[in-house]
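Just below sit the structures, each encoded as structure tokens.
Presented sequentially are two complexes of subunit A, the first with subunit B as partner and the second with subunit C.
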Partner chain A sequence: MNNNLKFIKGLTPTNLSVNTNAQKNASNVLDTTDLPTTRTEAWKYTRVAKIGKIDFTNEATTVTSIKGKKVIDSPYTLVFVNGRFSEELSAKSFPEGVTVTPLSTLEGITTQEEFEGDIFGALNLAYLNDGLHITITKNKVVDEPIQVIHLLKGDAQLSNFKVQIDAEDFSKATVVQGFFSEDSNNSFVNYTSDIQVGVNTYFTMEKIQDEEAGNFHIGTDTVTQDKDSTFTINTITLNGTLVRNNLNIAVNGENCTTNLNGGYLLKEKQHVDNHTVVDHKVPNCNSNELYKGVMNENSTAVFNGKVFVRQDAQKINAFQSNRNVLLSDNATVNSKPELEIYADDVKCSHGSTTGQLDDEAVYYLRARGLSKSAAAQLLVSAFIAEVIAEVENEDVKSYIYKRLNERFGWDINPEDFG
Partner chain B sequence: MITIKNLHANIEDKAILKGLNLEVKAGEVHAIMGPNGAGKSTLASILAGKEDYEITEGSVDFDGEDLLEMETEERAREGLFLAFQYPVEIPGVSNINFLRTAINEKREHKGEDPISAKDFMALVREKSKLVELDAKLASRSVNEGFSGGEKKRNEIFQMAMLEPKLAILDETDSGLDIDALRIVANGVNTLKSDDNATIVITHYQRLLDYIVPDFVHVLYDGRIVKSGPKELALELEEKGYDWIKEELVEA
Partner chain C sequence: MATYTEDDLAKDLEGKEYEFGFTTDIESDKAPKGLNEDIIRFISAKKNEPEWLLEFRLDSYRTWLQMTEPEWAHVKYNKPDFQDITYYAAPKQSKKYESWDDVDPEMKETMSKLGISLEEQKRLTGVAVDFVMDSVSVATSFKAKLKELGIIFCSFSEAVQEYPELVQKYMGTVVPKQDNYYAALNSAVFTDGSFCYIPKGVRCPMELSTYFRINESGTGQFERTLVVADEGSYVSYLEGCTAPQRDENQLHAAVVELIALDDAEIKYSTVQNWFPGDKDGNGGVFNFVTKRGMCHTNSKISWTQVETGSAVTWKYPSCVLKGDNSVGEFYSVAVTNNFQQADTGTKMIHLGKNTKSTIISKGISAGESQNSYRGLVQIHKNAENARNFSQCDSLLMTDRCGAHTFPYIECKNSTAKIEHEATTSKIGEDQIFYCLQRGIDEEKAISLIVNGYAKEVLNQLPMEFAVEAQKLLTISLEGSVG
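Presenting the complex of A and B:
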């Protein structure tokens, strides 16, 4: 039994049926692996020891209302509370061509995960509460976004949750995921996804992370792209004490576009860590990565972005950028953009900047009559607007701006920044 | 309007201004000329409130208030405007958006209501026309990707929008071709009234053919060492500054 995850004893194992090899892999990893420490390269700047000390439970909880915990108003909203499907609060019908099934109602779940020492992935599968499977049928264009709400409710809750998405060939759809909590402390969302983007398919995922301070979020999105497809994921982190996002994108087909953007706007002792991998295995693809952070007070951000361009993957355009603004002397950023290129005919660039607001610009604006704080707000807004502009859905954008106003007092008019 | 008395200022322990005196009254245009490094931009920056300088002596009275005690933004709201020698580029911040904020901060300071969207747009149209600034430029990010001349015209556009009591133009003419110079000068002259005043810092007499000064001052080694009528500018253009240095040595 695992020594680090003492809380496992108190958990109810999953009652979902998972293919046996994956199950075995998971229990094997749980038996043999410790929680990562800062000596583990992938966790060098992110301490998770605290998670091992909490007595989590994963019993079912019910709520009668989500009380406004949502990103957008969508008739196609699904609600999960502590990782369990809430039939009462979820939509019953979906647009034509969209099939949404809670994993708990499926005969069985199939996953190819091997975990390779990933204790959180193994924990997720072995103690999976629930999740959902979304299929976008071949050739279907779905204009209305599907919204998935993950609500944490109560203290020391562990929510192991999995999203499986199959965006079939020539389809087009957007899924918005909102992560929230209500009266929660020391609760932990342990999330995984498995997203297949078919031939010539457009699939967009908007992830809004807005759990209350005091809670943990560790998630891994695993994406594969078939040829001629476009996959976009925007991850906006607004709250939460410890957030770790792993994003692994395998570009398996030619002529693909991959857009991965992230924004994190942190304060207090928030810690947000984005680890991304884009693996270009074949030629003629584009990937664009932009992660931007605004750091207040004692917050910390970690960015580790890897782009692989394999030997046969000629004519790849890969751009990666991580930029951070520090608004406090006590905020920290550890940024490591990495390109590993084995092909010779490629166009790639990467860069990382971390700095304070431009003093000259602040002075210029003040010399026109803006207060120090108005000048700073304008500069921060302009800085972060670039990444928020990547969010395609206007209602999702409005939600982000509303929350920035509530959390930081930034009164941003998106029209001013485009 | 503004009275500068015996102003001494250091930057990093180096004395830049060494007892500067200047008085500008409402309705007047003053030109300040002087060799490179004399302290002209330093004077302008100190008046605008840049914090890098240490004022060691002297006073500046701005309409009865101690200017040196005011924050940069307070000076702007009280009607002081500096057209920068090197306007900064601010990516992502729209020119007219920040000007709207600036105008409203000024109005709030004076106890007035915010400007309506309609009035604001009308003002943008009127003033951008005055300095022949393309409406598209007016709404782009502040100075981003602007040519040198466009940056200078944008400064005058902002000045026109903010209608200051005292405008200080720091080498707004440098690098401008004759057409741009005429446009900038026309902007300044149109805004001129009996209630406001202008300090024009320049290297070249040329600008003063268009913006006719009431007084010309020579700033040399941190002080105003000579003042005279507009003809002094012609003399400086012709003879350079050496004769002034000689006069100083003799004195």
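Presenting the complex of A and C:
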């Protein structure tokens, strides 16, 4: 083994029933690939060397309650602790049309087989702790959101966790994923998901990342969309020291809509990196992307959005926007919105801005008696509210505002932003 | 009613042959093919260069040997065989011409075919032309007049002989010899180029211009341009290129260095129309150029380029905004047709306070070409109140071409304001409809829209060039449209 993940010898390979070909490929990648450095284009702005230096383990621990470690109060909540399914804390029954199976009880897990040098994807599969397979049955509209809580507990824990969602044709559902930690430091969530959105299906994923400072999160969502479907993912990053989100969306059917939204409010030494790929392979689709962030103190935000429009994928409307506010001279923004277009009858655009609070707007508010900090709070929260407004579920929205109030000492009433 | 559709336009474009495809038959004094230290010594000896320059070359060559050819650009091509290139070819006439009349009539013919007859220009336009044919400067006009003002405008080799201290002081300070693969190659084997120095407080009264032309078959051309604008001076420099039709790929790896000292301004305009290959994608010039300008306090560097030629273009004219209050600008129109590939853009490095940069890039892709914008805007920690505005638009003419945008935006200062926007689309049917409604036929409408689309950049060109640039746009794109 010649890679630089020194912790790997201490880990036990997965005992889940993962297809052998995929497993072989994964261990090949792990044998031959080093952790990416900033010389690797996809990791140009994100250093992960520290991950290779920590002696991660994976311990089975029990938690008695997830009080305070959940996004919403839902009877359909599933709980994982350090990547292991917790039967006691998880719901037993689900709304009609929803089937939930832990991967550990599943025979023959089908998954991607190629990793193309993606060391984290390979690590996830080769050392997969557990995961979930959620099926939304054909023609079913599920109004209640399903909540998946992932909790890290303890120091230097590595959790390899996978969510598989099969939203069958003509269905509609929302999955809320909450990432939390308890008394953790130097722990690492290495998450992947495989999401299949069927014909004329509406599927929404709300991803709330709220691990404590000092922990790492690297996640890859792989999504395929069938025709006439709508897929929405809202990624809100509230805490965590190093967060990397990869979204790979393959739009395989016509008349699809893809919405990717992201919000990040950072402070201290937080580093958040959002990489998105929307691959338009067929004509007549729309994709919208909005990522907004506010950087305080020594934080860093990275955005890399890529839109492919393949040859003959005509009549594509693809819009991409990344807006950043820098509130500190020690904060950094690296933005790389990319378009790769091989068809002509398209409307594609991207925009990226970086700036600070508008002096005139601050002056306007101060002239009306607001203190400097109150004016800043109002402007920053209004800026980020545009993204949070994309979250449809009111309870999720309330949770986000509650946490922002706690973290930044605000007193925002979510209803003010409708 | 027979209407002119985009399909027709595409067909016309396909059939459009390279108009400037001809070669001049002049015996040349060639070095043997291949690259090694002996060849470099040969070039250096041939040009009677001082010891330090030979060292510079050898050092660059040794660095180059350690480097690998970059592959990150969005282009595909067969890598040149560096041992199959002749690195030195000079027209045989060794003596300099006393007057314009002494110049080989055949060569004059070449120039007039290019539409840049020197006689004409001498008399009418007031443009001093430093005509570079296969690496050796043949004729330089208006020298006397410029000399009165203390302006030095000569071939690079002449500058090495006459003003070695200036060349030594500035050469390699903006584009270091180890900068990149092709810059290192150029630093090792460059044969000639242009040198320009504007003394303190002088405003150059005429637009300086150089025409490059690749002539000898199989000769890579390695030009080096150095423009130094001393404190408070101004110069507008024009560079234009056309090359004869060739079947094999020709390599062109130039280095251009601009230095704008305090309060100086340099305007650098390029029209590039090298042979782009035929409609099947055979032949054409490889254009791998490193262009960079250094801006000192209160200075300004403005790059304007109209890129229509070359099979593969790899070019990022950049500005290092080192001094406070300095300004960098980049205006570009890049047209690709048939199987051309362009990966071009700019880098704006903001180091000083109150620095400003503007990027306007217009890409037009037709045929089966690939046109990419790749840019970097970097705001360093101390660059307070830095300001950048970037706009890169792409126009797609056929369903087989591609337009790509790869902007890198890096900001480390909270007082900076950066805006970037990019759009990609084809010519709007409503725009064509609007023109048709007003009695403008489709053919004219398309040409009108394309010209209007590029206007923002064409307007930046000096008078003398604007005409040529529009002509080039017509040739490269409109076919029989206009």
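The rule is simple: the second predicted complex is superposed on the first by the 414 of 418 C-alpha atoms of A that agree within 3 Å, B and C clash if a C-alpha of one lies under 4 Å from a C-alpha of the other, contacts with A are read in each partner's own complex, and residues count from 1 in each chain.
Just so we're on the same page, a residue touches a chain if its C-beta (ideal position, glycine included) is under 8 Å from a C-beta of that chain, and two chains touch if they have at least 3 such contacts.
Just so it is clear, the structure is predicted and the values come from calculations on it, not from any experiment.
**Q** More residues of subunit A are touched by which partner: subunit B or subunit C?
**A** Between subunit B and subunit C, the winner on subunit A residue contacts is C.
**Q** Is A:Glu386 touching anything from subunit B or subunit C once the two structures are fitted on A? First, second, both or neither.
**A** first
**Q** By the touch definition at the top of the document, which applies to A:Ile341: first (subunit B), second (subunit C), both, or neither?
**A** Touch status of A:Ile341: second partner only.
**Q** Which of the two partners, first being subunit B and second being subunit C, lies in contact with A:Tyr363: first, second, both, or neither?
**A** A:Tyr363 contacts subunit B only, not subunit C.
**Q** Looking at A:Ser328, would you say it contacts subunit B, subunit C, both, or neither? Reply first, second, both or neither.
**A** After superposition on chain A, A:Ser328 lies in contact with subunit C alone.
**Q** Check the residue A:Lys372 against both partner chains and state whether it touches subunit B (first), subunit C (second), both, or neither.
**A** In the superposition, A:Lys372 contacts subunit B only.
**Q** After lining up the shared chain so the two structures overlap, which partner does A:Asp73 touch, if you call subunit B first and subunit C second: first, second, both or neither?
**A** Once the two structures are laid over each other on A, A:Asp73 reaches no partner at all.
**Q** Once the shared chain is lined up, is A:Asp143 touching subunit B (first), subunit C (second), both, or neither of them?
**A** A:Asp143 sits against neither subunit B nor subunit C.
**Q** Please work out whether A:Glu107 is in contact with subunit B alone, subunit C alone, both, or neither, and reply first, second, both or neither.
**A** A:Glu107 sits against neither subunit B nor subunit C.
**Q** Touching subunit B and also subunit C: which subunit A residues?
**A** In the superposed arrangement, which is not itself an observed complex, subunit A uses no residue for both subunit B and subunit C.
**Q** Tell me, which parts of subunit B touch subunit A in their complex?
**A** Residues 48-51, 71-73, 75-77, 82, 84, 87-88, 90-94, 97-99, 101-103, 105-106, 109, 141-142, 158, 162.
**Q** Over in the complex, which subunit A residues touch subunit B? Could you list them?
**A** Subunit A residues touching subunit B: 358, 360-361, 363-372, 374, 378-379, 381-383, 385-386, 413, 416-417.
**Q** Sort out for me which residues of subunit C touch subunit A in the complex.
**A** 72, 74, 379, 381, 394, 396-426
**Q** Quick one: which bits of subunit A touch subunit C in the complex? Just the residue numbers, please.
**A** Listed in rising order, the residues are 41, 45, 311-312, 314, 324, 326-329, 331-356.
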